[in-house]
Amino acid sequence: MVQDLLESSAGLFNFGIFFILAVILLFVILGFVTMAILAERKVLGFMQGRYGPSHVGGKWGLLQSVADVVKLLVKEDLIPKAADRPLFIIAPVIAFAPSFMVMATIPLTDKLQFADLNVGVLYYVAVSGLTIVGMLMAGWASNNKYSLLGGMRAAAQMISYEIPLVMSVLGVILLSGSLSLNDIVETQRESGWFILWQPIAFIVFFIAATAELNRVPFDLAEAENELVAGFHTEYSGFRWAMFMLAEYVYMFAMSALITVIFLGGWLPLPFMGFIPGAVWFALKFSVVVYILIWFRATFPRIRADQLMEFAWKVLLPVALGNIFLTALIKEIFLK
Amino acid sequence: MSGEKDLEQIKREAAEKAKELAKQRLAAKQAGEGNDPKQVADQIAEPVVKESVAAAATDDADLAKKKAAAAAKAKAAAMAKMKANAQAGEAPAASEAKAEVSAPVEGQDADLAKKKAAAAAKAKAAALAKMKATGQIEANAESEAQAATDAADDDDLAKKKAAAVAKAKAAAEAKLKAKAEAGEGADASSGDDDDLAKKKAAAVAKAKAAAAAKAKAAASGGGSADDEKAKAIAAAKAKAAAAAKAKSAAGAKAGAEEPVEEKKPSPNQPYLDKYVKTITDNLGADILEDSYINPLSKDVPTLVAKRESYYRLAEFLKYNELLGFDYLSELHGTDFQTHMEVYVHLYSYKNRQSVALKVKLDRNDPVTQSVQPLWAGADWPECEAYDLLGIKFEGHPNLHRIMLGEDWVGHPLRKDYEPYDVEV
Amino acid sequence: MIRTEEMLLNVGPQHPSTHGVFRLVLKIDGEIIVEAKPVIGYLHRGTEKLAEDLQYTQIIPYTDRMDYVSAMTNNYVIVHAVETMMGIQVPERAEYLRVLAMELNRVASHLLWWGTFILDFGATSPLLYAFRDREMILNLLNELSGARLTFNYMRVGGVKWDAPEGWLEKVAEFVPYLRGQLKGYHQLVSGNEIFLNRTKGIGKYTKEDAINYSLSGANLRSTGVKWDLRKDEPYSIYDRFDFDVVTREEGDALARYYCRLGEIEESLKIIEQALEQFPKEGEIMAKVPKIIKAPKGEAFVRIEGSRGEIGCYISSDGKKEPYRLKFRRPSFYNLQILPKLLEGESISNLIAILGAVDIVLGEVDG
């Protein structure tokens, strides 16, 4: 359906359809974000021997995140006097927009997708990289030394980890022969999930993805114990909410991407095909999110210089080696 | 009470030393049984002398005593005193020996007895010895007046000791017996030695005097020297530790009980003596204003430096090998209204010993040298003293008002401090 | 042309990692610290000045507020100083109660340190585990003294309250429980590669430096100096217990971490032995005069607190108030070495170094 629309002529009507669809997606994602935050807090609570939210919206605290969002939206809009005002205002937007843009290519099922780009993986990586600009701007515009340090760290980290991220996924692309996410999933229907064929790539990708997400143990940019809150120290209210939103949308997107590339997307387990693909996707996706939360409950934060070392001296060589190995295997066994 | 704790700390060391000494003394005694008593005395004195800081060994009783006191490095103070007394006893005995042959022998035996008594910290032996001792002290004191020998200082000691012991419940009974013994005509030198025995015994004893003990004491006044010796050897070896403990504890107790009559035998006195000696030997006599043991503060040796020599003394305390106070535990100032005082508590990890160093400053112009170059740990405490008391430390690299800030008016810990802002 | 410039960064007085109102003025080049200047005094309450107008018993609650994480040892040092001066013999039972309270408090203090130290590295779970277990100790101490943090439990000559019914049994149950938990703590954190990378070789100093800078407690023992006042200058009844002094040779943040965790276990040993030896009955207060007057003179005593050597100097003129009271506060002394350690380190290491020193600002500022 979307494919037809994409190929149809531009017009107000089509724009309206796109707009409405986009708004629907936005709300779906917002729904996810509120639930993800709640889930994170509940799971963390479970792991840390406490309850987590338990008051707003019944005993599971279902409406806690909603209440938080409302509170953030009605909060006074504070802009520091010495801040660079235009940059300060535009930074959260620049940070958030790419996170939403990458959602377009991710196939939730074979039908439910906005755009099946034949360079889907590259698109994702390229667009998500734009967020760094927003963070750097925020750090700079705040006129706060902690923010600046946080922004710098974020930039360095994101750039460093994008390389192993792409390199590791190359192995998968070699096997599937396509950059399109749909094709990658379809390949797995025959060959089995790529996590089995590309375990090294999976591990490297997962680590790099965690770093890209700025999550523990790679949350240096907003390391509250060193840099107070990093690049968003000076932000509050809905601007701060934008950053948080971007972060969780990325979490959504990255989990979905991992599901698609390594866990077979919407493909069912053998003999379980009667369960619809969307459910399978949701299940796999939830597992990935759970693991990310689990990380957060377990690991301390890595140090900035060690983080860089890890990216360049460990992950990158491993990813390169994996490409080489994959090429060999493909050349020798799969020809 | 606090002294006891400290004493216990050096118990172990004392025990070892006690064992050694016991052996040496026994050997000396055995060797000297048929020999010139003077030699014996010297031999016995030797081990002590070796350990002492002072070099020369003389047979003069006073000197020996002093030496012994000085030498008692790391040993229980009580131990040291015992020794000193022993020598004091022995030396006059030796001098008399020319006239009387029996006297020195008795002296040695008494020495042994004393040791034995101390070593065998078992209550029975102790009680027995005490009985004897008290009895003989009295005898001593009384006979002394008549005999008027050259052991006058021994008598003094004996008297002091006697006073200390007189607290024992058995004192009254003992006195009676002592008089009886005096009638028998015990000579002065044996009295001295018994004195020592008494003291030891008193230390150990819990004042459980018994009638039987009294009887025995009378009997042993005659003296079965061999028995005593044998006992002494066995007991000294086996129970040296126990004895040392008991002795030191008792010593402390005695000190607490009668601080006026007997200068409390603080276990740290030898340390203080050592420090003072090392300091005066190396830096001259006029560097210290005062030095004493502070009995309220767990008997810490306290040195009061003269104002101008404070830094030199601190430097010496840190770098001298015998002292080696490498750790500054505490530094602060006090406003005593007549003067300001800086109190420094130092500790030596090498020698495991504390010292308190004080210096008194002019209250109107409290200035002194900073010890921060010596102990980096003095940095902030000096700043604190400067902040709260206004004591200036010259040579401090970064003297600032660490707590209150530079704009604070006045120094709050001064006794005449008035808050600048009356509203507060 | 690229030009770099040094920048001044204020860490604190409100900063998550300074554990209170501690301020560090950093001169940084990028993320490398060129110079660090600690600024303290934000929490200075003038305890020593206040004490000059207070009777000895009235001073005890003020000591609670110094090292508020480990108030029992603070309580003890002042009463110990007065008792030393007056020569008071404290009843057995009181001594055992004191030791139990102090050791429990030491464990609580180290647990808090453990949690916050790991929290500084961004791991949140250990903090909550530590707080959960610390909470149990605080409950125990609450039952004993009626307060959870500022106990005001000890008195000159004894303690204020006897152990309530069943309290000793609860403590006895708690000890094996915490032992089990400690194993879990080691599994969770001690072997973690990231944690090791962040602490190993960080904030290193030598034995000589440690002594020279008057460090004490785990900060000193982490360099290999086997020194614990409980063992080497026994006070109270510590000479009756069999325990080790935990030392490490490395002198880095990791060594201090191991020292403190080891001390928890040693404290548990002491608690166990104290429970075994606990006298069935007896007084909890010695006979002391209604109004306590220390004799004329001065005294300085020191004991092993949770953070190091706590000392108390009293100068008395025979009145019921001290003429001059001075506390040797271990955090204050331990913090002095910080500027030296920070030079040339990165900001990420700052928190590891500062965290490993284990400061409580109430104590630093007096």
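Just so it is clear, A, B and C label the chains in written order, and each chain counts residues from 1 on its own.
Throughout what follows, a contact is a pair of C-beta atoms (placed from the backbone, for glycine too) under 8 Å apart; a residue touches a chain by one contact, two chains touch by 3 or more.
Note that this is a predicted model, so its numbers are computed, not measured.
Colleague: Just say which it is for the chain contacts: an open line, a closed ring, a star, complete, or other.
Modeller: Line.
Colleague: What are the two chains with the most C-beta pairs touching?
Modeller: Looking at every pair of chains, the most contacts join B-C.
Colleague: Averaging the CA atoms per chain, pick out the one whose centre lands closest to the mean of every protein CA shown.
Modeller: Central chain: C.
Colleague: Any idea how many Å lie between the Cα centroids of chain B and chain C?
Modeller: 36
Colleague: I'd like to verify one number: the distance from the centre of chain A to the centre of chain C, where each centre is the average of its C-alpha atoms, in whole angstrom.
Modeller: Centre separation, chain A to chain C: 44 Å.
Colleague: Just how far, in Å, is the C-alpha centre of chain B from the one of chain A?
Modeller: Roughly 78 Å separates the two chain centres.
Colleague: Where in chain B do residues touch two or more of the other chains?
Modeller: Residues of chain B touching two or more partner chains: there are none.
Colleague: Which stretch or stretches of chain A touch chain C in the complex?
Modeller: Spelled out, the residues of chain A in touch with chain C are 44, 47-50, 145-146, 149, 216-217, 219-220, 223-228, 296-306.
Colleague: Would you pull the chain B residues touching chain C in the complex into a rising list?
Modeller: The touching residues are 1-2, 5, 8-9, 256, 294, 296-298, 300, 326-330, 332, 334-336, 343, 345, 349, 352, 356, 375-381, 384, 388, 402-405, 412-413.
Colleague: Tell me, which parts of chain C touch chain B in their complex?
Modeller: Listed in rising order, the residues are 40-41, 44, 46, 48-49, 84-85, 87-89, 209, 211-215, 225, 227, 232-235, 239, 295, 297-302, 309, 311, 313, 315, 323-324, 326, 328, 332-333, 335-337, 365-366.
Colleague: Once bound in the complex, which stretches of chain C touch chain A?
Modeller: 7, 9, 15-17, 31, 118-125, 128-129, 132, 188-189, 192, 194-195, 197-198, 346-351
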